[in-house]
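Here you go, one structure.
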Amino acid sequence: MSMLHTVNKSPFNNDALSKCLQCAQPGSSILFIEDGVYASREGTTFTDSVKEALKDKQVYVLQPDLDARGMNSSLIDGIKTVDYSGFVDLTTEHDSVQSWL
Amino acid sequence: MSMLHTVNKSPFNNDALSKCLQCAQPGSSILFIEDGVYASREGTTFTDSVKEALKDKQVYVLQPDLDARGMNSSLIDGIKTVDYSGFVDLTTEHDSVQSWL
Amino acid sequence: MSDAEQITKKFMYINRKAPYGTIYAWESLEVVLIAAAFDQDISLAFIDDGVYQLTKGQKTEAIGLKNFSATYRALGDYDIQKIYVEKESLETRGLTLDDLQHLVYEDEDDDYAEKDSIKLVSADELGKIMEEQNVVLSF
Amino acid sequence: MSDAEQITKKFMYINRKAPYGTIYAWESLEVVLIAAAFDQDISLAFIDDGVYQLTKGQKTEAIGLKNFSATYRALGDYDIQKIYVEKESLETRGLTLDDLQHLVYEDEDDDYAEKDSIKLVSADELGKIMEEQNVVLSF
Amino acid sequence: MKFGILVNEGPYQHQASDTAYNFVKSALEKGHEIYRVFFYHDGVNNGTRLTSPPQDDRNVVDRWSALAKENDLDMVICVAAAQRRGIVDQGEMERNGKDASNIAEGFRISGLGQLVEAGIQSDRLVVFGD
Amino acid sequence: MKFGILVNEGPYQHQASDTAYNFVKSALEKGHEIYRVFFYHDGVNNGTRLTSPPQDDRNVVDRWSALAKENDLDMVICVAAAQRRGIVDQGEMERNGKDASNIAEGFRISGLGQLVEAGIQSDRLVVFGD
């Protein structure tokens, strides 16, 4: 079984990303949405742990939320962008979805 | 001028306490309310920084919120408890109030 | 229990928020109590500040909110037997299982012996259990 | 400005939340725009995720929310001249002042020269400025 | 595929309702079925017809109502959460002795069982909240 | 001493409104004056008369209304925030072409200037939120 984890909180202001990274199993996927997209950027104090996750997980970010926040540049290498249609696809391609609220 | 800082967030899930401790000046006071009261306990990963703050600041915790959360035991030495009446007094005894929301 | 017509899914209810400061803990519990009537395979997980929901000795008179902590002790009567508490979340907060309420259920497969509902798990173990779920509800 | 009858207080508006994910950033700005009409001594502080409110290049069409980032550039016209950005909050997020919009005001005491509104300050410096305020509004 | 959707936050205050809307809209466009959208916690506030947002902003409530009408969506507001927060339909108005109702078109008020049922009947349940 | 109070969250979802209520009640008992209680963001949802919370829980809205009546409190709901969230008095109902109002006793709808004024006129402004 493979799981899609969504994270909608800024990693700087909430434990959600940290705990998600501890729980998410190899082969699962993580999608950053809403304020969660701040985690997708190079040069932050969370960049290393996101890069670590990329070694055995897929990491995605919702492009519309990146655009809204002016966070388009400096995306961590290996993170893929999706739009709402891609978000829907991710939920169907995985067996279940856990929202880290 | 002296300031009362209130913190109503759990330190484990929000930056509010950390930043409050960085900003609060010597001689000012900090009051933990609502989910902020979890910071008043011995043995947590935030205990040391609260003890550090106690060296040159007053630290208070709202007793009704401690009681609600079953957090009465293991209060850090030096933290004083207040009820709502004491909360009101703290706001009048300081020149202004900053709520770390 | 085993009605051939009926779908049985594995439901996990994830609690990551402290009680009283927000309503999520209580309204999550309301869902669980209703869900118990649906004969699904239910488990609860308490992670991060969610572990605070289970502390002993909650007294809410002075804040004026309803005290719902006793409801967790009733979960066994609703046949909810799997309550996972994440280990590191407890440790970070200076808590041990002794600070939490003792939650039990009666095991009908073992002559109704009273057994502990709470299982202490690591984040990695919890992650594995999460992956086995069909439906994960987070509050 | 100097009406003898009028009380002038030092107001600080503190912003610690990211834009769009919640409405606090926008509704805080709405207060500031109204407050500007009251001839008080106004300053704004951007701390923690609040620094994200000032980033360049925000485009909200695809999420369907109103883009209010241009409003920050109008603050100078409302005679709001003191905008404090906390240094460590930028650093933690891998941001520099170059990632933020360039906010300016015209200094009427200096022949209307255009000056930078944003002042980069440490948490300690900001704490000192906070203590000088009469009213602190946090969103 | 059949989706169940849970929305836990009210309009405007959090982006959760916006993201859920964009997700549902996209899922429908891709030919998926939405079994039910369930509104819980402050999410029930998405179902009031009394909002009048500024002209230059989106109308969160009307947008849900329109989407429901076009696609015959089942949009359910939790009764317990609605009672706490003042979201009222004709039946609730009479039962609780209120003098007005405020529910918007396309929403109905029902119990939490409808959420559990959505979990059972849908292929995927996706939660949007804070 | 004269207090201004700002409440930024709605009833039940967050404790902010409860803490603000207990603070105001205590301040009044101690002989202080409450210049104004201003409700902003989701805080405007404290001012709907349509809630019916469970019998064994506190009634957040009624409690504010009663406190206001006993102490002649000025409780102001921000009009812009109220329009986004569907809190409506008679005037707003007519202005926005709505078919119902839902404002509770003791609350009035007005502009953000009332918040700034509370900051100017009060000795202390205390903010309760999330």
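Labels A, B, C, D, E and F are assigned to the chains in the order they are written; within every chain, residues are numbered from 1.
Just so it is clear, a residue touches a chain if its C-beta (ideal position, glycine included) is under 8 Å from a C-beta of that chain, and two chains touch if they have at least 3 such contacts.
Just so it is clear, the structure is predicted and the values come from calculations on it, not from any experiment.
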Any chance you could name the chains that touch chain B and chain C both? A, F
Chains adjacent to chain D and to chain F under the stated definition are B, E
Taking all residue numbers at the chain E to chain F contact, is the shared part over half or under half, that is, same or different? same
Farthest from chain E in C-alpha centre terms, which chain would that be? B
Cα centroid separation, chain C vs chain F, in Å, comes to 35
Nearest whole angstrom, what separates the Cα centre of chain A from the Cα centre of chain F? 38
Return the distance between the CA-based centres of chain A and chain C, expressed in whole Å. 27
In chain D, residues with contacts to at least two other chains: 16, 20-23, 48-49, 63, 65, 135-136, 138-139
Give the residues of chain B that touch two or more other chains, as numbers and ranges in rising order. 8, 12-13, 15, 34-35, 64, 83, 96-97, 99, 101
At least two other chains touched by the same residue of chain E: list those residues. 8, 12-13, 15, 19, 22, 41, 54, 57, 80, 125, 127, 129-130
Identify every two-chain combination in which the chains touch. A-B, A-C, A-D, A-E, B-C, B-D, B-F, C-E, C-F, D-E, D-F, E-F
Complex contact set, residues of chain A against chain C: 1-3, 15-16, 19, 22-25, 28, 95-101
Touching chain E in the complex, chain F uses residues 10-13, 41-42, 45, 48-54, 57, 61, 80, 83-88, 92, 96, 98, 100-102
Of all residues in chain A, which touch chain B in the complex? 12-15
Residue set of chain D touching chain E in the complex reads 20-23, 63-66
So in the complex, the part of chain C that touches chain B is made up of which residues? 16-22, 48-49, 52, 55-63, 65, 67, 69, 92-94
